[in-house]
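Have a look at the structure below, then the notes.
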Amino acid sequence: MTKAAISALDGRFASRLGPVRSGRQGVSGASSLLLLPAVLVVCFCLLVPLAYVVVLSFNPPVTGEVELTNELTLVNYARLFLQPFYSAILLRTISVSAITTFLCVGFGLVLALSIWRAPPRQRGLRVIIVISPLLVSIVTRTYGWMVVLGDNGILNTLLRAMGLIDEPLHMMFTQGAVIVGLVHVFLPMMVLSILAAMDKIDPALAQAAETLGASSFVAFWKITFPLLIPGLTAGVTIVFSLAMSSYVTPALMGGRNAGMLTTLIYQQFVVTYNWHFGAALVVVLLTTSLIALALVLLESGRRTRAWLVKP
Amino acid sequence: MMARLYRGGFDALAWALYGFMLAPLVCVVLVSFNADAVQSFPPRALSLHWYWHALNEPSFVSGAVTSAVLALCATALATPAGVAAALALHRSRWRGKAALELLLLAPLVVPGLVIGIALLVTLAGMDVREAPLRLLIGHVLIVLPYVVRTTLASLARLDPALTEAAETLGANRLAAFLQVILPLIRPGVVAGMLFGFILSFDDVSVSLFLVDARTVTLPLAIMSYLQYNFDPSIAAISSMLIGLTILVVVVVERRLGMKQLFTG
Amino acid sequence: MAQVVLEDISCRYDTTVALDRIALTIPSGQFLTLLGPSGCGKSTTLRVIAGLLQPSGGRVLFEGRDVTSVGSAKRNIGMVFQSLALFPHMTAAENVAFGLKMRKVDVAEIGKRVRRMLDVVRLGHLADRYPAQLSGGQQQRVALARALVIEPSILILDEPFAALDRKLREAMQVELRQITQELRTTSLFVTHDQEEALTLSDLVAVMNNGRIEQIGSPGEIFRRPKTRFVADFMGITNFLDGKLVGASATACRIEAAGIAFEAAPVPGLSLGQGVSVAIRPAGIKVTSGQPPGGIAMPGCVRQSNYHGSICSYVVDLDSGPTLIVRESNDDLPEHASARFPVGARVWAGWRREAVHLFADQ
């Protein structure tokens, strides 16, 4: 190459890349070396396995067989959608997750507001109370609810002692118990998402609204709430997809008739060894969460597009 | 008047919810001191009997060792990888940056159950069936995104001129990182490590499919005990875990809280 | 203490041209200030000299040695950053010691030099404080000490006083000037504040849009601006559109705002060419009657403002243009706040020296 050509090339690269930090000529090389371990881990331990599951779900079911074949089929999905037993479980999973999410939104708003409005010295304590369940194993939390809601549990004992009931209420091993457990598990995440959005709101906004004559209730609904939509969106998507995929709570607190998709999946992989059908269930679980996520994002985008400035 | 009512109702609901958040944890601790085998409330007599019982339950002891070793190894592997990746991400200005960040945080978005199943199936397909190895891979995935996230957050809070200042003063890149950047992001890195450690130690959903009869983590040991027994030794072991977590959180908050004085 | 030369430095960020063939010489031991509006490329120039940014063309010479591809760590630079960039986890003394540690100076020597430098900036008693425990001015002095203790070839300061209040800023300016003169450090200072530039510098370089418009002593820059931009930046706010109608060796004749008048000769202008006539606000005198001799035009006072030691008037000339006038209040009667009320008929006159001519682009 001629010298002129080289310098022309140089110029072109310089204009495209901008100035190179001096002493950092190897910046891209060094950076990719630093990134390599983490990226390899995520690719080979997460993305590849996920792809494997997806392909497996389209292979014909052979008990005990886990290697992929070229033969593609929809039988696993057909079984799920065409047998009422399975589709009922899918519907129940969706509805339980939706109810959980709905309750988390309502309760989460109350808790987040109560933290936000608390005097600064109390705020830390309130946050710790709300997020404390996050730091405790889900098994412990679920066991805690079994202690509270069991036939001989604390709640029944209290109610009986107060003479409100004679026979213990059967609260454990019901759909309701599952929902109570799930709300308890996911409420902290909802509150954290809402609080993150609240931190960005200028407290003077609601005050401004009140000086303009709005009651504090109206000020909340007209001013604060719309500004919370991004935080609620984050919370709703997290809670819904985590609720869909929660296993411990439905397994321990749900009865025979409260099975969810995850307990069904567990059976396929650990009890009946029908991994292909199990893989299809996993794919459906993920897709349902993704669709819900897309719907929520679209709706929230529609409501906030006009004013939300992307960073 | 309406405002008063509204305010009062709101406060009552909020306090009920705080109670709701604490109820199961408090009840677990209360029950753990109960002397009776059957649950009774309020406890008729107090004793540490169930703590003794829990500490002598072989599946709890071996589970605790497994979980601790697993969480330690996973954190030890994930931390350097996560910190290095966060550094590179923070520094780079090219277009793929956002996508890479998303990729590294992806394990947070994919449900643990799905991660576990995907690893189980893929490794079985490759004829890898050693539970310790499978578990380690799964738990590295649990810890990694937290380290990446908290490290990125601490890097973002740094004045970008700090590295340049160190450089103009004669520091090479390694010296600038070790003497200026690392001390300043250490609280964030440690917070990510600890959070990752706790989540790895408490994990059920990833491990559920990766354990085998010989290698069982503590939460899963408790869970299978729970399916056949319902005595307060579960409450005792749970209370110990709660105590341990509180201890870690308080110690860290104290130690790091001091340091954060200088980084704020 | 070295002479620093920039030869034809160009610099681009993606598509924006930040520096367009900059040539600049900072003589050894002199204090040069880069002055220009925000975004004109001052920080970029500094970063190129400091080795934090690789120029896309041109060379950087320290004492005649080409350092263009030498890393920042090896250039022996003392830099005070806009954000100061003090290391928050190190005490003042540790901050100052950092550069010496990197140079592997022995410990006893480091201790001695750090103490001496902290005394120079009058912070000896606060050596063990962390930056967060120091006031803004004290932090500034730590940053200065940290940059100076390594005996840099050149001291570089990027708008270091921008965040300080006026009083502190003026105090710091005096101190900086004193210290750099004492140590005879070659210094490059950046500011967008013309007063600061004129106060501090041996030389001022005015930048605009990635180019250097004019370099000279503060007096030269202030009295003889070479371009309309420099004149504007130096606070000459009156510009009249005019035409060159006559020229000789000692004077040139201009027609503007309906009258013809004389100004100092400007080489390179041709007859009939359009010119901008710049008149310094402090060079205009407002009188109630037509002044004898000189140049003067009638008009009407639209605004009259009191600023303490000076007064300013906005005068609408009968011929159309508006002039801003500033005059000292020294001979103002005790209780009056202006010599002329709004609406007064006045004459605005100026001496030949107050006029600058610039060829229209």
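Every chain is named by a letter (A, B and C) in the order it is written, and numbering of its residues begins at 1.
Just so it is clear, contacts are C-beta pairs under 8 Å (C-beta built on N, C-alpha and C of every residue); 3 or more make two chains touch, one makes a residue touch a chain.
The model shown is predicted, which means the values in this text are computed figures rather than measured ones.
Enquirer: Taking each chain's centre as the mean of its C-alpha atoms, give the chain farthest from subunit A.
Expert: Farthest chain from subunit A, going by C-alpha centroids: C.
Enquirer: Ranked by contacting C-beta pairs, which pair of chains comes out on top?
Expert: Looking across every pairing, the one with the most contacts is A-B.
Enquirer: Distance from the CA centroid of subunit A to that of subunit B, rounded to the nearest Å?
Expert: 16
Enquirer: With centres defined as the mean C-alpha position, give me the subunit B-subunit C separation in Å.
Expert: 55
Enquirer: For subunit C, give me the residues that contact two or more of the other chains.
Expert: If we look for residues of subunit C contacting two or more partner chains, we find 51-52, 71-73.
Enquirer: Name the residues of subunit B that each touch 2 or more other chains.
Expert: Expected reply: 167, 172.
Enquirer: If I count partner chains per residue in subunit A, which residues reach a count of at least 2?
Expert: Those would be 23.
Enquirer: Hey, which residues of subunit A end up touching subunit B in the complex?
Expert: 23-24, 27-28, 30-32, 34-35, 37-39, 41-43, 45-50, 52-53, 56, 66-68, 107, 110-111, 113-114, 126, 129-130, 132-133, 135-141, 143-148, 150, 152-154, 157-158, 184, 187-188, 215-217, 241-242, 244-248, 252, 262, 265-266, 269-270, 275, 278-279, 282, 285-286, 289
Enquirer: Spell out the residues on subunit B that touch subunit A in their complex, using ranges where they run on.
Expert: 2-3, 6, 10-11, 13-14, 17-18, 20-25, 27-28, 31, 38-41, 78, 80-82, 84-85, 87-89, 91-92, 94, 100, 103-104, 106-107, 109-115, 117-125, 137-138, 140-141, 144, 148, 167, 172-173, 198, 201-202, 204-205, 208-209, 218-220, 222-223, 226-227, 230, 234-235, 238, 241-242, 245-246, 249
Enquirer: Okay, in this complex, where on subunit B does subunit C touch?
Expert: 159, 161-162, 164-172, 175, 179-180, 183-184, 261-264
Enquirer: Residues of subunit C touching subunit B in their complex?
Expert: The touching residues are 50-52, 71-79, 81-83, 85-89, 98-99, 102-103, 130, 132, 146, 150.
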